[in-house]
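Note sheet for the following structure.
Every chain is named by a letter (A, B, C, D and E) in the order it is written, and numbering of its residues begins at 1.
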Amino acid sequence: MNARIGVADTTFARVDMAKFAIDVLKRYHGNIEIIRYTVPGIKDLPVAVKKLLEEKGCDIAMVLGMPGPNPLDKQSAQVASSGLVTVQLMTNKHVIEVFVHEDEAKSDNELYKIAKDRAEKHAQNLLKLLFKPEELTRDAGMGKRQGFPDAGPIRL
Amino acid sequence: MNARIGVADTTFARVDMAKFAIDVLKRYHGNIEIIRYTVPGIKDLPVAVKKLLEEKGCDIAMVLGMPGPNPLDKQSAQVASSGLVTVQLMTNKHVIEVFVHEDEAKSDNELYKIAKDRAEKHAQNLLKLLFKPEELTRDAGMGKRQGFPDAGPIRL
Amino acid sequence: MNARIGVADTTFARVDMAKFAIDVLKRYHGNIEIIRYTVPGIKDLPVAVKKLLEEKGCDIAMVLGMPGPNPLDKQSAQVASSGLVTVQLMTNKHVIEVFVHEDEAKSDNELYKIAKDRAEKHAQNLLKLLFKPEELTRDAGMGKRQGFPDAGPIRL
Amino acid sequence: MNARIGVADTTFARVDMAKFAIDVLKRYHGNIEIIRYTVPGIKDLPVAVKKLLEEKGCDIAMVLGMPGPNPLDKQSAQVASSGLVTVQLMTNKHVIEVFVHEDEAKSDNELYKIAKDRAEKHAQNLLKLLFKPEELTRDAGMGKRQGFPDAGPIRL
Amino acid sequence: MNARIGVADTTFARVDMAKFAIDVLKRYHGNIEIIRYTVPGIKDLPVAVKKLLEEKGCDIAMVLGMPGPNPLDKQSAQVASSGLVTVQLMTNKHVIEVFVHEDEAKSDNELYKIAKDRAEKHAQNLLKLLFKPEELTRDAGMGKRQGFPDAGPIRL
């Protein structure tokens, strides 16, 4: 039950989401080592996380970022997301992307809450991927959400 | 007539589509082994399915997901789809994508039916790719659809 | 003057375009072998054609598909096209993409004609790439079209 | 001062742009060899130019194409451009993209002039990349344009 | 505390942003070597920076460009950005992208100021990535901006 977990985040984000994620990871009763890596913006995340996985020996990673509300920000998020998928395919390791778009919320207060909730729930998802994958399968198709309440499953 | 089939799905989806697919696969009268892998969201699917194909020795796979209705969800679906194509090119194995977009239906009821039909028909497509490719060639250009009734061929 | 040519198409398309292409290829007075591979949809084409080029030893290939009229269909076409470019760069072999978008025509009748013309002309292009590249250079900048009449060159 | 230069173009384009480029390249007083390769459309250019660089031993290349005015044409241009960047990263060689979009001009006459000017200026850029990189650095941030008059630098 | 830093820029840009960046890099009290490489446009940057990292032995790089205001320019920027992410994943080295879009400002004067500020601040970020990564982690989630004043962190 040992694992080295990479956590990459940005100075661009307006909420220290990595802190929320790390708090969850640390509460796990296992032998976990966390390595944190902060970069300027989301497009710097793919290589940062690749270095965590390859050079620092992390088994899995999560990245946290907060793209802005403009079309160019959406384009940057797409470039970053594509790069993160490529990193996973190059390493055969999971990288959980925790992006909170500034226009998902109507106020700073709400944005903060979304960011906290999403970071925490995805930290739990990361632990399940590592240690309890059967819990994810139990929740397959259950409309789970991060940052918002679960949508829940459709029942006929 | 042996095959190991990977089935990857998400906790985000609101319908347990993998169950429908697996039911079809199990009805096949051959020596089939199914390995299921559930991840949080569709962007986690590419590496999940690559692990199924490479680390678990699957010969083919299908992935099932349910992207939301917003522009960001469409962008996520594009990132995921591109990654799934890359996985196939890295492994020379087929991965059938079964994505049902929430805005394809006007009600939960309809969405459920689309999801069930698409998952089942693509499970049949997977079996044809594996065991009866000549049946697909017989249907070439016939306007086959999954999730909806067939459009049918254009006849002059 | 020997060549093995791969032809990949889909059951989704509403016209059997591969038949038109193969008819042209067969009329060529050379030692040509054609291998056909039908898959469900356009996103299944990249790996199908890669298998034709790598596992079946094809020297060149063409793919034929008919994306639907909705934004999601355009997105699927982009994912498929990008994958087809990647296949070519991985194999150093040409893959001619013959996509006919349903919204290119105002009627089924017109769609059928576009599909037939485009498939036939691109089959001729494939033969030129293989056997008579100088004919393509002779037509450089001549506004050639497939599916529609040639636009022709701009003359001052 | 020897160099082998690849020039790839299309039959789709309505102007023989390669001719303009080759005229400029030939006026260079060095030992230059030019290899031309014509394909049907812009999405055929990435593998064409990769073959020029790898199989024909070209040191550098330029590609010339003329995407149409519709959204699908823009999508094709993006797929082609992405492929061209990938070719460069796979070979560590420059490929100068000379694309002229049909909707950049209001008349055939204007389109022709843009195409000629852009092809010629980028042929000069190619020669600078090969033989006089310091001339490019001298022009850094100077608002250079191809196909249109230079925008020029912003001066406070 | 030795480092070789690549700086790639374009003749298309209307401001000599590389100069601002290099001025910051040179003020650093360490043994730094800077190698500059100028290309015509932003889509030439990915291979330029890959050559700096691989052939010139740079440890890290920054690229500076100024995409135009039109949709095609945005598309070019996306192609370039994706290529820059790929370069980083191929080399496991950071490449800081400094793109200033012409429509970020309402006047030439403002555009110049954004370009200068962004180039300088990202040069500082590059130095932190190389020599003082702990300073970036200290600023994680602090809403740092380049080209504009910091947005600052959200505080509840």
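Assume contacts are C-beta pairs under 8 Å (C-beta built on N, C-alpha and C of every residue); 3 or more make two chains touch, one makes a residue touch a chain.
Being a predicted model, the structure only gives us computed values, none of them experimental.
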item	value
Mutual neighbours - chains that touch subunit B and subunit C alike	none
Shared interface numbering between subunit D and subunit C [over half = same, under half = different]	different
Where subunit B and subunit E are represented by their mean Cα positions, the distance between them in whole Å	40
Subunit A and subunit E: spacing of chain centres that average the CA atoms, whole Å	25
Per-residue overlap in subunit B, given as positions that touch at least 2 other chains	78, 82, 86
Graph class of chain-chain contacts, one of line, ring, star, complete, other	ring
Order around the closed ring of chains, commencing at subunit B, then subunit C	B, C, D, E, A
Residue ranges of subunit D touching subunit C (in the complex, touch as defined)	9-19, 36-40, 43-44, 46-48, 50-51, 54-55, 71-72, 75-76, 78-80, 82-83, 86-87, 90, 108-109, 111-112
Contact footprint of subunit E on subunit D as seen in their complex	74, 77-78, 81-82, 84-86, 88-89, 92-97, 101, 122, 125, 129, 133, 136-137, 139-146, 151-154, 156
